[in-house]
Amino acid sequence: MSLSDEDVRRMARLARLALDDGEVTRFGDELGRILAFVDALRVAVLEEAPAALCGPWARTPFLRDDRVEEAGHPELYQTQAPESRDGYYLVPRVIEP
Amino acid sequence: MRGEWHTRDVRGLLDALARGEVTPAGLVEHFLERIAEHDPALNCFVTRTADEARTRASRPLAGALAGIPLAHKDIFCTAGVRTTCASRMLSDFVPPYDATVVRRLDEAGAIVLGKTNMDEFAMGSSNETSVFGPVRNPWDLERVPGGSSGGSAAAVAAGLVPAASGTDTGGSVRQPAAFCGLSGLKPTYGRLSRYGMIAFASSLDQAGFLARTAEDLARLLVVTAGADARDATSSPEAVVDYPAALEAPIRGRTIGVVKEFRDAGLDPRVARLVDEALAVLERSGARLVDVSLPRLGLAVPIYYILAPAECSANLARYDGVRYGHRARDVASLEELYARSRGEGFGPEVKRRIMIGTYVLSHGYYDAYYLKAERARALLQKDFLRVLAEVDLLAGPTTPTVAFRIGEKNDDPLTMYLNDIYTNAVNLAGLPALSIPMGFVDGLPAGLQLIGAPFAEAPLLSVAHRYQQATEWHRARPPRFA
Amino acid sequence: MWDTVIGLEVHVQLLTESKLFSSTSTRFGAPPNTQAGLVDLGFPGTLPVPNRAAVRMAVAFGLAVGGRIAERSRFARKSYFYPDLPKGYQISQYDEPIVVGGSIAIGVGERVKTIPLVRAHLEEDAGKSLHDLYPGRTALDLNRAGIPLLEIVSSPSLASPEEAVAYLKELHTLVCYLGICDGNMQEGSLRCDANVSLRPSPEAPLGTRTEIKNLNSFRFLEQALTYEIRRQAEVLEAGGTVAQETRLYDPDRRETRPMRSKEEAEDYRYFPDPDLLPLVVDETLRAEAQTMLPELPRARAERFVRVYGLEPYAAGVLTSSRPLADYYEAVASAVSGKGKDSARTAAHWVMGDLLGALNRQGIGIEACPLAPARLAALVLRVEDGTLSGPKAKEVFEALWAGAEDVDTLIERLGARQINDREALLELVDRILEAHPRQRQDYLAGKDKLLGFFVGQAVKASGGRANPQELGALFRERLGR
């Protein structure tokens, strides 16, 4: 079982990953085999489970008090940015609808 | 005269510091020399922080680990020190903040010597997916140290640091501990804060430690455990004095021997070591009980749906906009995204993002993700049912000892199956550790002990009792003696 | 004719100090990215921690609209790539929202129509993209990223643009009343998307709908819906079909236009956010939200009618905002029982002179310089006859401008009304004496001249003579 090139490209597009043709073929094959493997679960008959837990220990999560304790520091944080100016992050212009 | 400090465990070094036999600065120099001499053969360190370490050692230090040199897996953010996750994506990333685990170890007086190599974004079981190249196993340089915390494991095993941090999403602390002959702890999900620990799969990720002994692990855990206001999944459960609890008697404890851990994939030589280790525990006073986890076989499939699903969203933030790699000469935003991510991530990371995207995408969510969540809840229930009857579970950490570099690179599935005994524990969120239990052809093998939620104290105590009765944890790779 | 079906999705920016999942400020208008912290920027290893106040506000809204508060709800990740979305996903609620159901009553002409709500859920806002700041670049300001929003989804049961506007106004009043939103639509504190479809009759299945995004004023909502309904009707009447699409309203050209069609259908890959455990609304949190609940506008207006004897119209005006209603109530409760009409007189003064003065100065009731107690004192002096209408206005102006109390002002301005019979009779006689011809005409049957006499007398008294008393005395003196 192998995933079609079309499926692979659709996933790559959703995940914003540029793949070359070789990668598309290879991933199609590998992903197909991995999905076939996890199909063991897909076909497994499961009894009704408690509501799926999102973390292993469901409890009341910690809620923060509404206080301002932090600020932005563009001059520091933007040292990590590939492109910034006047406190803004920059990207190639997005063509708006 | 060259010291032998690298043969000591953390406890031994603390004693020596307390008696004035050595100073923090002395320890720092000794271990920096070890790193300079041996790391080129091992490739454990991605970044060394020699200057910072010397400065810190020259100042007064207080705390339970004052003066102890450590290394951090390069997945923990360290303020002002490059943090790469062994990925091209973050090869120049310098976080302006410390992970909570890093901060708490600093406050305990530890001294960081550097950041260790790992599988890219912790995705891997062999440390071969690192952009900085594979780490080598100190017991056999042609073999893998395990992963993803391979750099931390090899560094401790080779005596480059007495202990190191790691992270464990599906076995990434326990498996390298087993492959390198170390003690490795993955605490209960929520026991340690995940803040500043770069996420792979948020519901499975947990920080942990690699050291020589269970006693050292207890010392590392007690200064790092506890709730953190920056992590809403960290637990408010009270922190136990783990070192004080080590000497609790083993007599009367019941240990469940999991039937399904003895499956077809288990190397019979490893199986024999498990039997011997269980016999030691029994002789020490533990009672062995056969138990069954009938759904254990689903753990790897569940894991390879949930972990990639979470990772596909967790890694969406690496888009070349605010930090990290950005492709050159891009004409449009779409090209910027696709090429920055295509260039920044290695094949294993891409593979998992693709699987995760697939199982979450329209039309597949119910069949894969939802079903996996349900199966996870059932698996967790199975574990809790068994752990209501016994104190701990025992079995092998890995099906085999360390494999050769390159041996499992052709098929991702064979690599994934290496984590068959460890994945389930993360899915259930339980605490577990691996301790050395002997050798197969000169390569160490690990015994895995699994506890009930937040039962780190009995877990560490039983491991400690085992180590009082055995010498496996004292073995050192000859080349790095 | 077509049957129109409209549903609104309203994003209400919650009035918290800090963001939904981080402790940076939500203040509007700060320099770019100075309120974008590590969590807001999605820095590696950072984690969301929910804001208790935001959760409490969502619960308060749910209670106010009579919705069901989910004991356990869940945050989910909605994945898509856009540069103003730092993590590559928005934390929202998907299949388990915090509020389910509830309703909002709107006035449609004379009657009241109940609009059922589908749900309300918490989510974080995205940042802002600026496309015209630098040539060839889009600039990103992520200060807004992470601001808490409550998305309120109505059922598709609004039948006209007027109903949609009435609903949005009612919702606006409500969230301001609850103190969970500042209601500032210009700053985007309340944003609205509208779904519209047409069908041949109310019995027919729903037609294909279009969604109009970002309608940020009542006027634009009305104009956009009016345009869109006409457009769809024209398409259908020409035998065409309406395309399911997202459209934008252009206020300059007063038309809606389709947004550039996406290359692929959106696939948001929702799944529960593993960084956030299920959100549990326990009794404590519910109780905290309950204490936030004021009496709601409709109930309060009804009580004003019942207790203070106001006309429904006046009660509606006075309850249109919580501070205004609070102000009126402070005045009314100080004067009620001290005169037969005192609460109504109070309403008259608050709606008339007070709102007029506030308007002139361009300030809101929150900033009103005149304390309710001082206005109440004035109302009492009107009620007990100390002040006549014109004099009361004079005193009000002085009261507004200065710090003196009402009685001091009445004395200083010599504004005390003359009610004394002897003094008034003297005045009456003086006026009759000065106008013998009018007196003749009155006696000959020109009744309207009574007003003239009273006016002359009031004028002669400097506005202080009690006109009612004067009228009676003139009649008495003239024998009819």
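First chain written, first letter: the chains are A, B and C, and each begins at residue 1.
Criterion: contacts are C-beta pairs under 8 Å (C-beta built on N, C-alpha and C of every residue); 3 or more make two chains touch, one makes a residue touch a chain.
In this text, all values refer to a predicted model and were calculated from it rather than measured experimentally.
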Comparing A-C with B-C, the busier interface by C-beta pairs is A-C
Central chain (distance from its CA mean to the mean of all protein CA atoms) | A
Just how far, in Å, is the C-alpha centre of chain B from the one of chain A?
-> 23
Rounded to the nearest Å, the gap between Cα centres of chain B and chain C is 57
Between chain A and chain C, centroid-to-centroid distance (C-alpha), Å = 41
Would you pick out the residues of chain C that each touch at least 2 other chains?
-> 38, 41, 43, 49-50, 81, 83, 138, 140, 267, 269, 272-274, 276-277
By the touch definition above, chain A meets two or more other chains at residues 14, 16, 52, 54-55, 57, 61-62, 64, 73, 77, 83, 89, 91-94
Could you check chain B for residues that touch two or more other chains and list them?
-> 93, 96, 203, 229, 232-233, 312, 316, 319, 321-323, 333, 337, 357, 361, 373
In the complex, the residues of chain A that touch chain C are 10, 13-14, 16, 52, 54-55, 57-74, 77-78, 83, 85-97
Over in the complex, which chain A residues touch chain B? Could you list them?
-> 3, 7-8, 11-12, 14-19, 23, 27, 30-31, 33-35, 37-42, 44, 46-47, 49-57, 61-62, 64, 73, 76-77, 79-83, 89, 91-94
Complex interface listing, chain C residues touching chain A | 16-18, 22-25, 31-38, 40-41, 43, 49-55, 74, 81, 83, 129-131, 133-134, 136-143, 248, 259-260, 264, 267, 269, 272-274, 276-280, 282
The answer for chain C against chain B in the complex is residues 38, 41-50, 77, 79, 81, 83, 86-89, 138, 140, 265, 267, 269-277
Chain A contact footprint on chain B (complex, rising order) = 93-94, 96, 188-190, 203, 227, 229, 232-236, 297-298, 300-302, 304-305, 312, 316, 319-326, 330-339, 341-343, 345, 347, 350-351, 353-355, 357-358, 361, 367-368, 370-378, 380-381, 411-413, 416, 427-430, 453
